[in-house]
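In the two assemblies presented below, chain A is common to both, partnered first by chain B and then by chain C.
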Partner chain A sequence: MAAIKQVLAPSHATGRLLLGVVGIAVAVAVISMVGEFRATQLASMAYLGVAAAGLTLLTGLNGQLSLGHGALMAIGAYTAALLLPDADAGTPLPVVLLAAVAVTVLVGAVVGVAAARLHGPYLAGATLALAVAVPGLAIYFGDTLGGEQGLSVSVPDVPVWLADAIFFLTGTDPSRGRYVSYVAWVVLVIVLVVLANLARSRTGRRWRAVRDDEIAAQLVGIDLGRNRVLAFVVSAACAGLGGALMALAVRLTAPSGFTLTLSLTLVAAIVLGGLGTLTGAVIGAALLTFLPQVVTQFGGGIGLDDVQSAQLAPFVYGLVMVLVVLLAPAGLVGSLLRWRMRRAGRRTSAVLDGPPPSVPSGSDSSDSSDSEPSDDSPTSTQPTPRGAHS
Partner chain B sequence: MQQLLTTTLSGLTLGFVYAAFALALVMIWRSTRIVNFAQAPMAMITAYVALVLIDAGYSYWIGFAAALLAGFLLGSLVEWLVIRRVDASNPINPVILTLGLFIVFHSLAALIFGSRFRSFPAPFGLRGFEVGDTTVALTGFGIFTILAVLVAVGGLVLLFRFTDVGLRMRASAFNPEVSRLLGVRVGRMLNLGWALAALVGSLSGLLIAGGGLVHPSYMDPVVVYGFVAAVLGGLDSPAGAVLGGLLLGLSLSFVSGYLGSELVAMAALVVLMAVLLVRPGGIFGGIAERRV
Partner chain C sequence: MSTTATSAPLFGMHGVTVTFGGLTALADVDLDVEPGQVLGVIGPNGAGKTTLFNVACGFTRPDAGAITWRGEDVGRLRPHRLASLGIARTLQGLGLFDGMTVLDNVVAGADRWARSGFWSDLLALPRSTRDERDLRERAMAALSELGIAEHAARYPAAMPYGLRKRVALARALVAEPDLLMLDEPASGLSEEEMAELGELIAGLRSRMSVMLVEHHIDLVMSVCDQLVVLDFGRVIARGRPEEVRDDPAVLDAYLGVEVDTDSHPAPDAVTHLGEGPR
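What follows is the complex of A and B.
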């Protein structure tokens, strides 16, 4: 029983897969129940979530802060728009999404190679320049990319089998907006499961090592550059995927949609939720989607006009961003986790108060054979006998 | 020939503005090791202060002075309220902080002053001088721009080189611990540094705005160009920032004149990457080793 519980917990790969399946089921159920407007909102939450999840992995896990993810989203979005120019294009959605990922991965690899050599404010400045530069390209190559007007995106028809399945489950035919929302949420859940597995894998540990201590990471044989580039590429792929979903949801790709504000919005999302946690990225995306409506209503209530009320939301999350950095640098979720860990730590340290903590010794082999087997004993004891035999 | 001259002159004028902005970034970087990405919206807010006064019927110069004063106060306030309270041991924190301020100032300006485009007056003519029967692209406002930046840079040189306050400010930036032991009030000096940098930032904001349109994000590209100019000069050197600004202004002007104005930001990115990958210390910097 305990073993089953352990396997199904989110800390185990099977558990995460199960959580993903449940997540998709819940998302599909919720989207088919809410109204058309809410379904659109949920779609925009999903594409922000996909991009933010990628960014939080890069920033929180690998320590690289990118302000250029809006530009990478633009690349994914324009790829999708070029593949879906009109109703008879007929490119299947999975192909569109994979193509967006492929193109963004290529761009991300180039940017990542450059970014891997930069630190802190230098990296921030360089990616900021990227965010400002890319929309200009869409105007310069106006013949293919539509210039200021942008490209319209025609969402393909809902596949017959899916329409049938949804009709069977809910008794209604899905609209195109709702179809995009389903697709976006399925993609979001898949991305979250993949990234969660990645974060817990050997690769994720390497990225954390690179973030925490470059010299120590190099000493244990981790290639800093390669891991930074890999993290950037994975993160860029998520941004491209988010951008393609955005193009589908908004049905228009124009330079004005990919201003510096979008990139800063993504940073705000991951900071609000908590750097480095996927939950935080989803919470941040939810806040960015639903907070503006609440705040705008509040603004109307205190006598501001519509244009002014629309500015209240960025004001609030900018302010929260400043406060989070000053008061809780780990973000909202991160601070909560840390508080829980500290509490748990206090409890375990109270239990272990009697005997002094055993010190794993590398020099004295007799001591290490005496010590109790602990979680990390294989790594600490194995080298000693091997060294003695050779 | 005509276009070459025009491009060079307008590039030189813009270069002086970028130089001022880069100088503001460098001053803050030297003293607090923070790149103030919020410099652009701070300058934008002070330009609005000037615009409100000018629209209310005051002369351009009263608006100009009020904007500079507002910049000085805003810089001091920002340093005192937020910057000195941030935990800078993780270099990501200050970056996120200034980005948060960026968003806050942006939306605040749109809330208070509205987000439509408003035209900003210029105190001098915007038409080029006529030499013989051709018009040279050097305008009265262009000359004012160059002079204003030169005066600001000269004033800063005098302040840092020849006054007691300047010496104390340099000492605080160079070694805060020792300076504190020697009786320098380091916190106050850093605050003054932020205030002066914000003043120089507002000057560049006013010079960009003059004769053009103002809206809440009109300074956003300038923060990128200012940063690139500062990195060109090594991010640590005020003289390098000025030279970097001039060089960048000229090169971006050539890109804009001969290739297309949409590519200016891309060109700035290319210049930045080239400098960072080839000479991370900046093309004028003589610093041997530094992490980028």
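What follows is the complex of A and C.
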């Protein structure tokens, strides 16, 4: 029983897989039940979540701050837009998404190699330049990329099998908007499961080691450059995927959608939620998606006119940001984890106050050359090499 | 492994010279570490001990000289290649990964034993899971060897210095290196802890060679098989501890005076150096 419980825990790979399946089921159910507008909002939350999840891995786990992830989203979005120019393009969505990932991975690798050599503010500056420059490219190559007007994205028809399945489950035909929302959430859940795998694996540990101490990381055999580039590429792939989903959800890809604001929004999402935690990235994305609308409605509710209530949103957004940084500097999820950790720490130290860390008192050991287990150490459960306890 | 009767040294530095600007940090330094040997590098402050370690680890490129591993020239050494060669090093500043638990710190040290790659990590294939379990077992064994297994779930930043020092040592030992380099292992330790450390190092001889830089003469004298004494970047003496202890050049370097002409501080120094158990 305990073993089953352990396998199903999210700390276990199988548990994460199962959680993912449940997550997809819940997401599909929720999207089917809410109205068309909410479904679109949920799609926005999903694409922000995908990109933010990638960014939180890069910044939280590997310690590289990128202010240019909006630009990487743009690259994914334009790739998707070029593959879906009109209704009869007929490119299947999985192909579109994979192509967006592939192109962003290539760009991410190049940027990552440069980024791996930069630190702190220099890295932020270089990626900031990326965020500013990439939308400009769309205007420069106006013939192919549509200039200021941008490219319209035509979402392919809902596949018949999926339409049938949805009709069977909900009794309605899914609209295209809802279809995109389903796809976005399935992608989000898959991305979260895969990134959680990575974060808990050897690869994730190497990234953390690089973040915490470069010298010590090298000494345990970690190639700093390779791991930095790898982290950047993984995170870029997520940004590209998020961008492609954004193109599908918005149905338009234009430079105005990928301004510096988008990059900063992503950073805000991961800071709000808690750096380095995937749950935090999703919560951050949810806040950024729903907060403005909720606040605007609230403004209308307390008798403000339209303009005033529209102005209320950025104000509350800023206020929330300031409050989180002041009161929960590790972010919402991060602070919760820290609080739990501190409680757990208090409990262990309480236990430790009892019997002191057992140290077999001095004597012999260096001369017991035969590998006879030492007689006087009740604590050593496994055979310790001579003289090696304490 | 067993190099039979030829017994090439495990690790060697030959004619290593390092200059920083006009300053010579190391001048034509030679040293060999034999298998199973504990080699101590001592010398007054600024003698070049840390530079020597940094050259040995590839953090500093020497202007001249060669580094050999098992009798072969390793060429240009890169720090992240050390672990796979079988060299582990502790740092003076410990360099623990503060954002990771004690267990994860030590598991990171065992990285050279992991085989799983990026894709199997991404998909959490059974191979990765198995690998992780193996590393975790190795790390727990290293932690209990040093008597700190019960701290596995804690974060190092919140732990007292002595314990953190053991975590750093466990992280080096878990790699099961053939050569362990210890940078000031006794600094900040109490008398009692230092005695334990001495026993520990002596006990490592059967498993690996040890090269250490240390200020505490007592520890060095009791635990080392061979000493190399540096002063102003030069080797001024080498040999077994009892030989080095009576070397006039060593006394001179530590006191900055000619021992046999100026009699005032000399007796003190002799007793200080002589305190170490034989």
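The working rule: the second predicted complex is superposed on the first by the 326 of 390 C-alpha atoms of A that agree within 3 Å, B and C clash if a C-alpha of one lies under 4 Å from a C-alpha of the other, contacts with A are read in each partner's own complex, and residues count from 1 in each chain.
The rule we apply is simple: contacts are C-beta pairs under 8 Å (C-beta built on N, C-alpha and C of every residue); 3 or more make two chains touch, one makes a residue touch a chain.
Just so it is clear, the structure is predicted and the values come from calculations on it, not from any experiment.
In the superposition on chain A, contact is made by A:Y140 with chain B only, not with chain C. Within the superposed three-chain model, A:I302 lies out of touch with both chain B and chain C [touch as defined at top].
Applying the stated contact rule after C-alpha superposition, one finds that A:V160 touches neither chain B nor chain C. Looking at the shared chain after the overlay, A:A126 reaches chain B, while chain C stays out of its contact range. Residue ranges on chain A touching chain B, taken from their complex, read 59, 63, 65, 67, 114, 117-122, 124-126, 128-130, 132-134, 136-137, 139-140, 259-261, 264, 267-268, 271, 275, 304, 307-308, 311-315, 317-319, 321-322, 325-326, 329.
Across the interface of their complex, chain A is touched by residues 57, 59, 79-84, 88-89, 91, 95-100, 104, 107-109, 111-112, 114, 116, 118, 121-124, 128-129, 131-132, 135, 141, 144-148, 150-151, 153-155, 158, 163, 171, 175, 195-196, 199-200, 202-204, 206-207 of chain C.
Residues 29, 34-35, 37, 82, 85-87, 90-97, 99-104, 106-108, 110-111, 114-115, 217, 220-221, 223-224, 227-228, 231, 260, 262-266, 268-269, 272-273, 276-277, 280, 291-292 of chain B are the ones that touch chain A when the two sit in their complex. Those residues of chain A whose C-beta lies close enough to touch chain C in the complex are 13, 16-17, 194, 197-198, 201-206, 208-209, 211-213, 215-224, 230, 341, 344-345, 348, 352, 357-359, 362, 365-366, 379-382, 384-390.
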